[in-house]
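Remarks on the structure that follows.
Read from first to last, the chains carry the letters A, B, C and D; within each, the first residue is number 1.
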Amino acid sequence: MKKIIKYIFLLLITAIFLFPVVFMIACSFMSSSQISEMLDFANGEYKNLNMIPEMFSLEQFYQVFFRRPEYLLKFWNSVIVTFPTVIGQVVVSSLAAFAFAKLKFPFRDKLFFAYIVLLILPLQVTLVPNYIILDNMDLLNNFLAIILPGTFSAFGICLLRQSIKYIPDSSIEAARIDGASYFKIFTRIILPQIKSGLVTLTLLCFIDNWNVVEQPLIYFDNSTMYPLSIMMSEIGNSDYGIIFACGVMFMIPALIIYFYGHRDIDLSFSDSEK
Amino acid sequence: MKQDKFKRIVIKFGIVFFIVMLFLTYFSKTIDNLLLPKVKISDVMTGSLSEYPDTMHTHYLLPLSSVISSEEVYVINTLENGDITVSSVSVNICGSDDLYYEVTSDFLFSDMQVVYMTSKEISDGDRVYIEEGE
Amino acid sequence: MTRKRKDYFTAFLFILPSLIGIAIFYIVPYIICFIKSLYIGQNFVGLTNYIQLFSNNTFLLALKNTAVFTVIAIPLLMVISFLLALFLNSFEKISSFFSSSFLIPVVVPIASLICVWQVVFDDYGAVNGLLNTLEFYTVEFFSSEFSMVMIIFIYVWKYCGFCVILFTAGLANVPKSLYESARLDGANSFQLVTKVTIPMITPTVFFVFLMEIIYSFKIFREVFALFGDYPNENVYFLQNFINNNYYNLNYPRLSSASIILSLFIIIVLLVFFIFERKHSVSE
Amino acid sequence: MNKRIISVMLCMLILTGFTACGNSATEDSGSKITFYTIKNWYSITEGSSIWDYNKHCTDSDKIIEIVEFETAEELKNKLSTELMSGGGPDLISADCLSAAGISYEKLIEQGCFADINEIIEADTSQDKINLSDYNENALQSGVINGNRYYIPFYFMPNFYVASQQDLEKHISADTKSLSYNDLIKINDKINEEKSDKVITLNADGYLWSYVYDNVDFLNKTYSFDVEFSKTAEKLKELKSSGNEIKEEIFNEFVISPYQIYEYCAEIEKKEETARVIGKPSINTEVLSAQACDIYFINKNSKKKQEIMEFIKFALSEKEQNNVTGAEIEKYDNTTSYYNGSYFPINKKSYKTLMNNAKEIKYLDDTAKISNKSSEQLENMLSQISDYQFPQSTNYMTEVGSELINDYVNGKISTQKFTDSLKSKTKIYMEE
């Protein structure tokens, strides 16, 4: 009996977590008139969370794909901005995290502490000075203006340091004794073991850069270079009709990475290799 | 085992998704136009069939097939966001021969274009795709 | 070169790429921002910016709200995710669908989420509809003290999944033997948790705490999207203050407010670093 | 394993190479004056001061180089980041700032703009600006805590024109300017009498201007007291009853003397006496006008003297006559915007404009203006003491508009409206 209550409670919690996503996907099949009627709050009566579309229609998806070609163009802008950043961040962070976790050198913890503080800095602080720096490096109006700051964010380092820490020192000492260089240790021992940590970092870093809004607005002049996320926020307050369809399409790449690595993400921070 | 099979499916789905997006980006405009009704248009010509035209109001010559349900004609107008739509204009016919109708109408102007052939049923305000050439 | 010196060199080589990047794009801007906070326009004014800041009661209001949010939301998220992790742990065989489904909220784009939250929380939204059927008065989530409740709910809802996974990983590291020995000398399940589990997962707690602080600053995208630049006064955060000053081009005040915000973080982190150093088992 | 790392590094390099060659070299601005605006914004279109100056300029590197942006959002981001990092355009116009959603009173507070008095002293050329041959009160509006940040080129009086017969039933003859309560009184009377007249068609504009009048941006004061909420409540109901086209009592579209006299001529044609009266305001003792065509000079600009050439040109008698149409022989109300708008600051062209406006005929050359109306207008114009900033600052878009819309749609009560107005304005002011 106790087991059933536990399962019901579990289902309830999962429902709370999944409800907005399911609601969003359900709404993306509604007709845009039903959406705008649902989102206008001035008519006084209370909204109920019905997810059943009155008239199942792919009208929203049709609108998004065929009536607004700039959606697709901006999709590729997002891809150009996000993929190099994620690859760069994974590479740079794994190297640095290995050093922070396993190698001894002076000021290690102080430097890591500084990294964390810089990581938590609000964006507006670094926006204007970065504008000056990028201007001098003549990178304004160029996708690198977002890729480089994204690649060198300290988020990955602090994430991977945690998962590298769980690798027992003994295996490294053993390799060290039979003369392997640190680089060989890094590539032979460390990388395979933190594969799941890398997947988690890829997912989280991808989501961060996929939703980037402030930087492109400042660093890019012409709006043809804007990524998809800016268009999403514009759609948010202009035409409600296609907001959900755009949301679903916007989410699919992130979902792909998520489904690819969701089993790994569970193990990313534990040392027991299941 | 089960885990790897699922991963391979996800990767395949990912690659397919990106290829579909690429395909859509390239073809979205053409697909959109394919779905629209294709129409042929001709300019509105002023003139009259009878020798002594009455000068009270201007007479227009419209192709026979453009007049639908005996007093309605579809005229092209382009909205500011570039979409091409049709709107119906009422005309009164005052003569015809084997090629043209002679009509008068206070909504018709000589710089308009009238639809005389359409691939699908169109109604007022629909978006259309203009096919070049006779 | 002695072996120790060689180690330092290789470690340095590993750190180099990230060090250069961080230096250019994070350390130099931070220094520029600090210098700019000592100037108004071209003339050096020293700490007047900071003094002006503390006499400005919008800033104090923002500081208060941020402190209230941090003090309530972060421990709350910690406790909820820990309990959820324990709850998940209590199931013997559980399909990974459940544990990883908690991570989905992070994936959802903000623009469409805003519509969902509006439908749920608006004055005429679903929650108020429910409250009305039970004869409660409608709660104005968007313009009363309850807006803070709503934001904390959104924060917990969005980042709970990730913390649960971190905690499940931490729990998995606790060797089974400790549980057996504790159960032998008669510890009931509650003592089991407090005596055994919590001390063993302090390193994870610190890491979760760190992640929560990082994400507590990312929540402001939702706050801007839901409330706009000028929310009502009990949800006016330091980020709103900094952002509005950014748009008012008041760089001295913006930079001094950000420096104070980073001091606020440094103190909190220092406390936790010392706490972690004292309690951590390994290292 | 190594191969994978190297391959990842390689593709990173290729990608950076590919993107690095993107178009990025913004050519350096050289010696021309730079001016940022949104695509075909009215301050650069035909007939604006900048347009005339560029046409008037003989040598090509003296003209104002106009940088156009697609949307207000782009203009806002570019302008704010550049101004903050010490750069930015040399010439900044008030309406571009308000279009971009940047409140210029905050910029003035932080000293982003140059003090024009200093530039005038440093000017050694012989056609130096002599401030005394311009309307002192209007110039005074540009002086804020001791520094002169702008010189308005033109002004628009806050006047209405109405027929005395409509007003005498409700307002005493000697009231110079309407108050919001007068407005409400008139509206109630009109509704009682079921007369076919209505105050004005966009009645809900009054609530906006009432909120705006209650806030003083420069010395950061605001008063949303009990009296405010009472009047606001009545102003909310001021919606014109029914939507049949009714005749407006007040003609409010008052930009140039020609228009005012056109309305007076129409009223006089119906054998009624025309009456010029101040727009509704909080302080009815003071007559006010709006300074317009305002340009600020960027403090870090290196071309301050060149900009002074532009200001001298815009304030010259020839240009002011040309824009305000001081020398036109015939008034035609359809083209009034081009050859006769605004009141000039330059005293000489002001005199020629007022005399010319008295002489020429109105209503398609059929009626001359009576001396009584022209004296009345000139007397009212001379009493204007308060020249205000143009209406729109960031405050209304960020704080005011949303609250007013909710209030007018009945979503929030009056009490809630005034409370949130108070709290949000407090935050906006002290930020």
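One rule holds for everything that comes next: contacts are C-beta pairs under 8 Å (C-beta built on N, C-alpha and C of every residue); 3 or more make two chains touch, one makes a residue touch a chain.
Note that this is a predicted model, so its numbers are computed, not measured.
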- Touching both chain B and chain D we find A
- Where the centre means the average of the CA atoms, what chain is farthest from chain C? B
- Message: Taking the mean of the CA coordinates per chain, how far is chain A from chain D in Å?
- Response: 45
- Message: Please tell me the distance, in whole Å, between the geometric centres of chain B and chain C computed from their C-alpha atoms.
- Response: 56
- Note on the structure: Each of the following residues of chain D touches two or more other chains, namely 84, 411
- Item | Multi-chain contact residues (two or more partners), chain B | none
- Mind pulling the residue numbers of chain A that touch at least two other chains? 41, 91, 127-129, 132, 263
- Message: Which category does the touching pattern between chains fall into here: line, ring, star, complete, or other?
- Response: other
- Pairwise, which chains touch? A-B, A-C, A-D, C-D
- Note on the structure: Per the touch rule above, chain A residues touching chain B in the complex are 65-67, 69, 72-73, 75-76, 252-253, 256, 259-260, 263
- Item | Touching residues on chain D, where the partner in the complex is chain C | 76, 80, 83-84, 101-103, 106-107, 110-112, 299, 394, 398-399, 402, 411-412, 416, 420, 423-424, 426-428, 430-431
- Note on the structure: Contacts from chain B onto chain A in the complex sit at residues 3, 6-7, 10-11, 13-14, 17, 21, 24-25, 28-29, 31-32, 35
- Contacting residues of chain A [partner chain D, same complex]: 41-42, 80, 83-84, 87-88, 91, 127-129, 131-132, 135, 138-144, 147, 187-188, 191-192, 217-218, 221-223
- In the complex, go through chain A and note every residue touching chain C. 6, 9-10, 13-14, 16-18, 20-21, 23-24, 27, 38-39, 41, 44-49, 91-93, 95-96, 98-100, 103-106, 108-109, 111, 113-122, 124-130, 132-133, 148-149, 151-155, 157-158, 162, 165-166, 181-183, 186, 204, 207-208, 211, 213, 229, 232-233, 235-236, 240, 243-244, 246-248, 250-251, 254-255, 258, 262-263, 265-272
